[in-house]
Amino acid sequence: MAPGQRVSSFNARRVRADIPQLTRRINGRPITYLDSGASSLQTHSVIDAMSRYYELRHANVHRGVYQTANEATDAYEGSRAAVARFINAPGEESEVVFTKNTTESFNLLAKVWGATNLGAGDVVLITQMEHHANIVPWFQLREATGVEVRFIPVGDDYRLDLTNLDELLRDVKLLSITGMSNVLGTKNRVHDLAAIAHSVGALVAVDGAQMVGHGPVDVTALDIDFLAFSGHKMLGPTGIGVLWTRESVLDTMGPFMGGGGMIADVTLDGFTPAKGVARFEAGTPPIAEAVGLHAAVRYLEGLGMDHVAAHERYLTEDALRRLDLTFDGRVRVIGPLDVIDRGGVISLDVEGVHPHDVAQVLDQFGVCVRPGHHCAKPLMRRFNLAATARASFGPYSNTADTTVLLEALEHALKMFG
Amino acid sequence: MAPGQRVSSFNARRVRADIPQLTRRINGRPITYLDSGASSLQTHSVIDAMSRYYELRHANVHRGVYQTANEATDAYEGSRAAVARFINAPGEESEVVFTKNTTESFNLLAKVWGATNLGAGDVVLITQMEHHANIVPWFQLREATGVEVRFIPVGDDYRLDLTNLDELLRDVKLLSITGMSNVLGTKNRVHDLAAIAHSVGALVAVDGAQMVGHGPVDVTALDIDFLAFSGHKMLGPTGIGVLWTRESVLDTMGPFMGGGGMIADVTLDGFTPAKGVARFEAGTPPIAEAVGLHAAVRYLEGLGMDHVAAHERYLTEDALRRLDLTFDGRVRVIGPLDVIDRGGVISLDVEGVHPHDVAQVLDQFGVCVRPGHHCAKPLMRRFNLAATARASFGPYSNTADTTVLLEALEHALKMFG
Amino acid sequence: MSNLEDLYREIILDHYRSPRNRGELASPPAHRVEGFNPLCGDEVTVYLDVNDGVLTDIKLTGHGCSISQSSSSLMSTAVKGKPLEDVRATIEAFKELMTAHETTTDEEERDATNLRTFGELAALAGVVKFPVRIKCATLAWNTLQQGLQELAS
Amino acid sequence: MSNLEDLYREIILDHYRSPRNRGELASPPAHRVEGFNPLCGDEVTVYLDVNDGVLTDIKLTGHGCSISQSSSSLMSTAVKGKPLEDVRATIEAFKELMTAHETTTDEEERDATNLRTFGELAALAGVVKFPVRIKCATLAWNTLQQGLQELAS
């Protein structure tokens, strides 16, 4: 293929032009945004969809009769349907609950499904590479019900150590694992693990925060039971998240928060919860946020999720190779070094330079990376690290981002060397 | 004063020009938005603040070192400080918890403060005019802990019937009342009731959803302990709400949802919650929404909340008078007929026309009113109503809105007469 | 106001003001079934007398908007005295009418077709243009359908 | 890169690379106090020997970024051997330095003043321009302050 020839409908340069923040300059340099793992940037189409919503058709949803109330309701429910299609939910929109973020999705799962279905003697099996969002709610449930929280260990190869899986699975009622580690970049084999968990009668929940928006996610093909993710990590807005659940499971779940919209009836004596997803959406929902999320889904579908995945895989492979070539071990990658079952999150340990200092020096080059424990303290302890400096890619990232990253890292090494 | 002379910095025409949705036409007529009780419209400044945030400085908050992460954090925390000033929180920003809406605020109150402090033998005293957001969480708490939920009745004058208040207050640990009914427009005497509740050792929570944004609200002067309200009812965006609590109370409260941001530490064995408001804000918070809410607060402060209150009082008085003059009893107001302790929410019972049909006919005139039970079913039952058609004002409303409302109501009466 | 008159046709207003077959039947022997729309609070109770595969009598009570009330009234006149098979077919056809999204562009032609198939019931065809009101129009029909299912099992 | 050099002055990097007074003191008799920054994971442990109102010895362990580590090292050299009154005054002055938001516009003049007051410690003055790093710079100081309070009570 001739250089510059387009291989697919995916054109990184065009994607960059769709992201207003990428025109920003930081400390005299163009921004090099490498913090998509924490939150992605938004496209013009996402931002404009929300503005137009507020400018033209904002109204509270449900029960309205007038035109803008209908339009707002259609927009909100239309987003739910689009999200359902995007993840190929078998029961379509009746399986998509809007929350405020991945964290709320896991709390809903633990505090409603967990509180009803799990008790002393039951086990929730998670992994040592989970984000706090998929740890703390289970610890809270343990306090309330005595359920056991068990961890699948992580090996020195930065992957799940499945040696004792059979034993670990004893009494497990729920396997709850991340699709991809937000520290290591490790992707877990969700489909295979789900099949094993199902074979012992456990349900399977997946933390999709780092999956959805970075590649195709098909809950039917994965054959899982719950999927949690956030709008703001997939080009969408803050303030909205998703909990997808099989309709057959959802129908057995009691209410979560109490209030308007989630009831069928309220008297002085008690209340009857509503049917369907409404039962979990008390109060005025994130309407404009759903509109923004719909625009993000539409944009990602336009790119093609296969193309996004291929693009990020290419960037990751390129970055891992150049980090190795350039620094010859002085910059250590905390995560797998190959791109099999690995995504575009690259945690760095820079010789002699604390991650905070790395991030500070990089900021001077306009490079945005995140230092810290990345809300995965058990994993950090596992590798004896207080923090890493993490660079992570989105659909709009390119190899020039990596070039600036390398230049800035060299400066950091020189400065502290 | 000469006609057209400005009495204050408040100029209704100028406010209207700041609201893009008011330029919209519905069914060939300019929109007549009378559903601010359900959700308010947004100003250009609010919409633009969020767009600019996404275009220029979106990043995840906290723990970031690079410039946009700092800017996003400053924007988020700056909003918290602005909200604290707006309601005159004695402990400033350390008392303002961002939630997703009023409903979540009440759930936090019930499921955290309530679950720790209330048990069998204790009483939560609410009123018969509460929104489901201030009823259902207490019913849920009753199921969990056996607390008693007691109602202050509503009299035929559409006001709280305080005849037996002393008796009702027996064993009360929390008085939780709405500042203003979203159905009747009745404003409760929060300060006086709070003083009485405090005198028997109870804390006081106030549903500010219909107060904040319609007039001055000063939690220090009111001498209350909790205040809940929503951004989307005060010119702000969807997806954000507030729970204000006294610092001395907040410090005694355990965590709510578990996840990132709300912890001090997490190990394989357990977690230590963070200190301060962070403890209640698990996961990525509504950042852009906080930016929008800040812009709304700034806008309202620019108008002057005294002026907003006076303006809405004037509109309400005018509407009540003209409804009476025009329809001579064929359109009944479900709520107080005077404007003492009464806000700009007017529920209508139109002779021979069901509220849904009222709303449908009004839609043809571009008039947006809400039919239904308004998430206050116990109150509706009290007055033997399945639904009302509710018109409600915001700072941008004017007497011309009422004129169109009357014209459309006449048409409805004729059509069904 | 052409839209509005599409919804509130004269026949609908007439059935709303003077509902047919309003009232109760002693149950038993009649079968009684309740329908409820939690979103808007509309309620309908249907009483059915079925003998030898024929819906010999039907009565309705309830409250709600003009669309839900006139639709129950229109329904009662359409199904009363009919063999159950016909009743079921009418229910299906009506629900179809309530989901048909503008397939024919020629409104007059469609109106004529509807009138042939549905008689007075065709007056409700305008409801499809007001999607939020469809659940009002179908409430009584779903309730009747449920009643027939209960009787069959 | 002027900004960055404002933060990472040569003295800071030097104290980061070769921290002074690093290590432990037997406790007791020394007083031991721990400081922790939950946001970034920086940790510091301060050991204090106080005799007759004088901070006769101080040692530190811990880990964290260059700012928190060099600040502890610089602190130790500034307070070691000083009467507690002077130590407390230095703590106050340093915390003041860390909150002073550009009052003097003349940077050179300010730098000169700082140098007179703070000696080597003045190297940390640049941190105020990086608000998120202030908590790194003050961690050891807050820990020392807490230790002195514990000793006093």
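Letters A, B, C and D mark the chains as written, and numbering starts fresh at 1 in each.
Keep this in mind: a residue touches a chain if its C-beta (ideal position, glycine included) is under 8 Å from a C-beta of that chain, and two chains touch if they have at least 3 such contacts.
Just so it is clear, the model here is predicted, and its values are computed rather than measured.
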Shared interface partners, meaning chains that touch chain A and chain D: B
More contacts between chains, A-C or B-C: B-C
Most distant chain from chain A by Cα centroid: C
Cα-centroid distance, chain B relative to chain C, in whole angstrom: 39
Approximate Å spacing (C-alpha centroids) for the pair chain C, chain D: 81
Rounded Å distance between chain B and chain D, as computed from the means of their C-alpha atoms: 47
Of all residues in chain A, the ones touching two or more other chains: 27, 63-65, 263, 265, 356, 360, 371-372
For chain D, residues contacting two or more additional chains: 39-40, 133
Chain contact graph, described as a line, ring, star, complete graph or other shape: other
Touching chain combinations (by label order): A-B, A-C, A-D, B-C, B-D
Residues of chain B touching chain C in the complex: 27, 353-357, 360-361, 364, 371-373, 386-387, 415-416
Residue numbers on chain D that touch chain A, as the complex places them: 1, 3-4, 7-8, 13, 16-17, 39-43, 63-67, 69, 130, 133, 136
Residues of chain D defined as touching chain B within the complex: 38-40, 131-133
Contact footprint of chain A on chain B as seen in their complex: 20-21, 24, 26-27, 31, 35, 38-39, 41-42, 46-48, 50-51, 54-60, 63-69, 100-104, 106-107, 110, 128, 131-133, 135-137, 139-140, 151, 230, 232, 237-241, 255, 257-263, 265-268, 270-271, 282-289, 356, 359-360, 362-363, 367-372, 375, 377-378, 381
Sites on chain A touched by chain C in the complex: 62-65, 70, 73, 263-265, 274
